[in-house]
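Heads up, the next two complexes both have chain A, just with different partners, chain B and then chain C.
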Partner chain A sequence: MNTSIDLRSYWKKCRQVIEEKRALDLIFSLMSLLVIAILPIFLTSAYWHGVLVVAMFYALAAIGWNLLGGYTGQFSIAPGAFCLIGMYSSALLVHYWDWNPYLGIFMSVVSTATIGLLLGWICLRLRGPYLALTTIAFAEIIRGVIRFSYDITRGDLGLSVPKLYGSGVGHLDYYYTFLLVVVIVQIFLYFLIKSKIGLYLQSIRDDEVAASGRGVNVVWWKTFAFALSSLICGLAGGLYVHFIGLASPEMGLLMNSGLIIGMAVIGGMGTLAGPLVGGLILHPLSEYVREFGVQHMVVFSFLIIVVVRFWRAGLYGSLKNILERLIFHG
Partner chain B sequence: MDVFITGIIMGTFYALMALGLSLIFGSLKIVNFAHGEFFMIGAYAYALIAINLKIPLVFVLFSVVFIGIILGVTVERLLMRPLYQKFTEWGAMRDEYAIIITFGLSLFLMNLANQIFGPYPISGPGLRPLRERIMIGDIVMMSSHRIIAFGVGAGVLIIAILLVRYSPWGKVIQAVSQNRFGASIAGINSTQVSSIVFGISGALAGLSGALLCPIFSAEPFVGALPAVKSFVIVVLGGMGSVPGSILGAYLLGVFEQFGAVYISYTYRDTFGFLILILVLLLRPQGIFGEKAREV
Partner chain C sequence: MDKDAKLLEVKGVSKRFGGLQALRDVSFSMDEGELIGLIGPNASGKTTLLNIINGYYPPSSGTIYLDRHRIDSLNPNQVAKQGVTRMFQATRIFPRMSVLENMLTIAYAVRRIPSRDIVQKARKILARLSLDDMIHEDAGNLSGGQRKILEFGTCFMANPKLVLLDEPFAAIHPELKGILEEFMIAHYEEGGTLLLVSHDIPSVVASCPRLIVLNVGTIIADGPTEEVVKKDEVAEAYLGGIV
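This part shows the complex of A and B:
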């Protein structure tokens, strides 16, 4: 009797620690976003504001991919393609039917979620290399269709799109819009990962057979993860196209997908704050490196290889280990 | 007829690429996304050696093969070793490690070439002067470089197939691809076999890059298309099946030429991807592949 009570209190304590550790993720990511929020006070150049907006776009896409790749264990190589779909579905509506950009962004969310649901349903039976190949093929088909439909999308020339806040406004408006969206997505994902759904997704990553044996509806939650992840990528794409004012098929290049995946991997896969940190640090870094005449992708892909090979926890993963040791173990 | 022969010739080069990919999949059960970059490096090596050293082209081809072997073995040594250990940090995410590491390697080599050589295409000399033509029968006319390259490619392909089929090393490769664990119990050093397989695959891809270099020119992103085609072929022929990938290569080579002529030239690469998705969905084991329980 006594021992069972002990066990119960022990479990309670364990749960509490797990909850606190998970909250650490959220607190850390909100703090880094706070740093981003007050950064414009010190950093007044419009160029760097623009760089940080793009960094937040990449971070958002990496967060979306991390839900699928990091938490659910489904390695899709199509995040860039979903950004592309998001960009074009808003761009086409705004360009041809003069829709409000806000409505356009909403439609890009809807369309990417639908297509993500469809792709997730197609990819249900596939895993590992087969899944990667299918998503690569999907990404290239999307890019090919958009590139070669000259009459509608103007192909490689790109489609010019009105900006979200008119043309005369500086970058700071976009800066805080992106920041707000990232904060909302991050808080939403925190509660999602904390809930039962998050546990379902992680159990699918760890062992699919065992998960279905314990009554997790693997089919449904995999499709759900696909849809939600592509929704976030589509949201990022929709916002981005109304920031740069040009939709071009270049976003769908495999290299861009590699960039997004690389940010999630270098930041730390399967952690809430990892892709955020990765995006926010790596994109400005690559802009900085460019000034020295080095191709940023060289450094970037080298980092991917080194991190995956030798340092699998990533930037935030190792930082988290240190923080946890400091906070929970004295 | 002209279209058909062009298809067969292209099919040979696709087969060279796909054979290496298929061997790697057979023995390690991973897809090497950096395969196209082996092709690219082969093309660069051919062009640079032939232009700068001015040695007979036969020796250039040999040195390209050598470089390909070195490249493949180095990649295996440096990056593929964790595949044989059990992962602790990522759980059982072995496939995912392989995907990311080869994908990252592909991006790295591509952009490194872009950084070093610049985005300008470098064209190597043909095995025969490029303008020279050969008549086959009455109507078909081919550039003689293409014919000789086809001969070399087909010869190497046949030698490689015979080696995999009948030589002691080939038997060892077959054993490992059938059952890695069982092979290691029987005293086969499966790590070494992976090295050999990567070496062969690097050599074949590099050679195919070298032979196509005078036609396509070496540039940093030249490897993307052949790599994608070899993925399609390997899936079409059944993952890891050598005869399947050879047949798939010729099928794709011929279909592609006919599709480009009779259906639509701009969408010809998109068709390949459509084939890939359809095959994966409807017949994941491909033409010759064995049915596996998990796909």
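This part shows the complex of A and C:
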């Protein structure tokens, strides 16, 4: 009897903590990442390990975009361009000056944050289609500059760079490196979103006019969101280039930005776990439907339309709504 | 502090939007602890005046001082940090944030009370406004009236020097209106300063000791409520014999 009362009060306390801290997102994120951590025990194929490394790259880029698009409401269409900048920042330093790849990845972060800051400043007064068009134009400029600077970047041929862990066959080193980075970024973002900075960003997303009237420095926090979001995409790009060993302007294609945004939207925009879920499900799924041959993009795109039509909150967003109803409203 | 210094001084403010003269040489001042009703027919310039005080529009000419600091060239967020809070005519809340987060945002942003007191203050205000049961609910799930109350509550989160209320009583249930009126009067009696814009003349007359009447962008009356409502030009412009 006493035990049941204890359990009830413990459950009530847990619910209160989850509700107040909005920890459901973090719990679900970490549980998903735990599944990914133990998956290689059951899934031993090096091919699928590689697929999951790429999925984590996309998830990381989607997580970065989600900070800007999902939490701050700034619909940039340039996440692919920032991954590209991250890739080439490290690739050029490592290729021409023999920099250590870790230092190269660090410079990817620095360069994307700086360029993100600049783009954020340019886009400050732009909203909706104007913002989207400006970021598309920016992405095309970056891709064009890289493609046509053939003497430095080797254009469409791409620039070969050393891999982070040498050129062995297995991918498990990369697998756990990406996993660790995603875990760190998710925990960092959880605390950021829960902090007053998170409140400022979300208030800008919900109503920019009201946010400024309530003391939020909209100019500063929008620029900050651009820089941090770009930094995360740059980090993803920097890691990715030392996984595949080749920097190619293809990453800057609008289709790739669409894919990254699609992952965030289908997973659940404006949630911590949504982009992670989107990346981890959609990339392996797109690999899986490759057996439909050239039609696989049609099948993939159809799946996207179905999800967007019937689960507007995204896969995780819809699940979260159900979980919240169950936990908080019985 | 200078004994004669006013909390708010609006001096010769005019505002023109293209060919439309929205405000013409508007001047008035407010002492600390005053509750002033600002009334006038539609399109008389009431909301424009609030938008200028608030920093959303720069005045075409004229100056505004708050506590002897010039604020007419500041951004809305800087004006808020000076202690001016605002409730909008069309409700503006953050629908995807919880009720509590809506309250916390302004308090953290304007930094006018110690961080450690913010959550407790929010809970207190929400309890007084009967929103304490919905503290973790997304604000977008509230009813229209509750949203209005929430926005009203945010205005009092950060020890404001001046609260600008634009039509707080419009389109809400009389019971909810009673809660707002009670809260507003209590704030006034505790020494708070409020500028109330409303078309709800009986409420304004009953609660505001001083009344300013705007008509076509010009102040046509400013004084004790009982005197202003008796003026012929006010009755003609707006009141229509209601009082």
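To be clear about the criterion, the second predicted complex is superposed on the first by the 292 of 330 C-alpha atoms of A that agree within 3 Å, B and C clash if a C-alpha of one lies under 4 Å from a C-alpha of the other, contacts with A are read in each partner's own complex, and residues count from 1 in each chain.
The rule we apply is simple: a residue touches a chain if its C-beta (ideal position, glycine included) is under 8 Å from a C-beta of that chain, and two chains touch if they have at least 3 such contacts.
Since this is a predicted model, take the numbers as computed values, not measurements.
J.: Based on the superposed arrangement, let me know which partner A:V308 touches: chain B (first), chain C (second), both, or neither?
T.: first
J.: Per the contact definition in the header, classify A:L117: touching chain B only (first), chain C only (second), both, or neither.
T.: Neither partner.
J.: After the superposition on A, what does A:Q295 contact: first (chain B), second (chain C), both or neither?
T.: After superposing on A, A:Q295 lies in contact with chain B but is clear of chain C.
J.: For A:L30, is the partner it touches chain B (first), chain C (second), both, or none of the two (neither)?
T.: After superposing on A, A:L30 lies clear of both chain B and chain C.
J.: Quick one: is A:A132 in contact with chain B, with chain C, with both, or with neither? Answer first, second, both or neither.
T.: So A:A132 only meets chain B here.
J.: Examine A:V145 and indicate which partner it touches, taking first as chain B and second as chain C; both and neither are also allowed.
T.: first
J.: Comparing chain B against chain C, which has contacts with more of the residues in chain A?
T.: B
J.: Which partner does A:N217 reach: the first (chain B), the second (chain C), both, or neither?
T.: In the superposition, A:N217 contacts chain C only.
J.: Check the residue A:D207 against both partner chains and state whether it touches chain B (first), chain C (second), both, or neither.
T.: Touch status of A:D207: both partners.
J.: Please report the chain A residues shared by its interface with chain B and its interface with chain C.
T.: Residues common to the chain A contacts of chain C and of chain B are 205-207, listed in rising order.
J.: Using the touch rule from the top, collect the residues of chain C that touch chain A in their complex.
T.: 54, 56, 75-77, 80-81, 85-86, 88, 92-98, 101, 104-106, 108-111, 136, 154, 158
J.: Okay, in this complex, where on chain A does chain B touch?
T.: Answer in residue numbers: 69, 73, 75, 77, 122, 125-130, 132-134, 136-138, 140-141, 144-145, 148, 205-207, 254-255, 258, 261-262, 265, 294-295, 297-298, 300-302, 304-305, 308-309, 312-313.
J.: Along chain A, where are the residues that touch chain C in the complex?
T.: Residues in contact with chain C: 19-20, 22, 196, 199-200, 202-203, 205-207, 209-218, 270, 328.
J.: What residues on chain B touch chain A, complex-wise?
T.: By the definition above, chain B touches chain A via 25, 29-31, 33, 78-79, 82, 89-93, 95-101, 103-105, 107-108, 110-112, 114-115, 224, 228, 231, 235, 239, 266-267, 269-270, 273-274, 276-277, 280-281, 284, 294-295.
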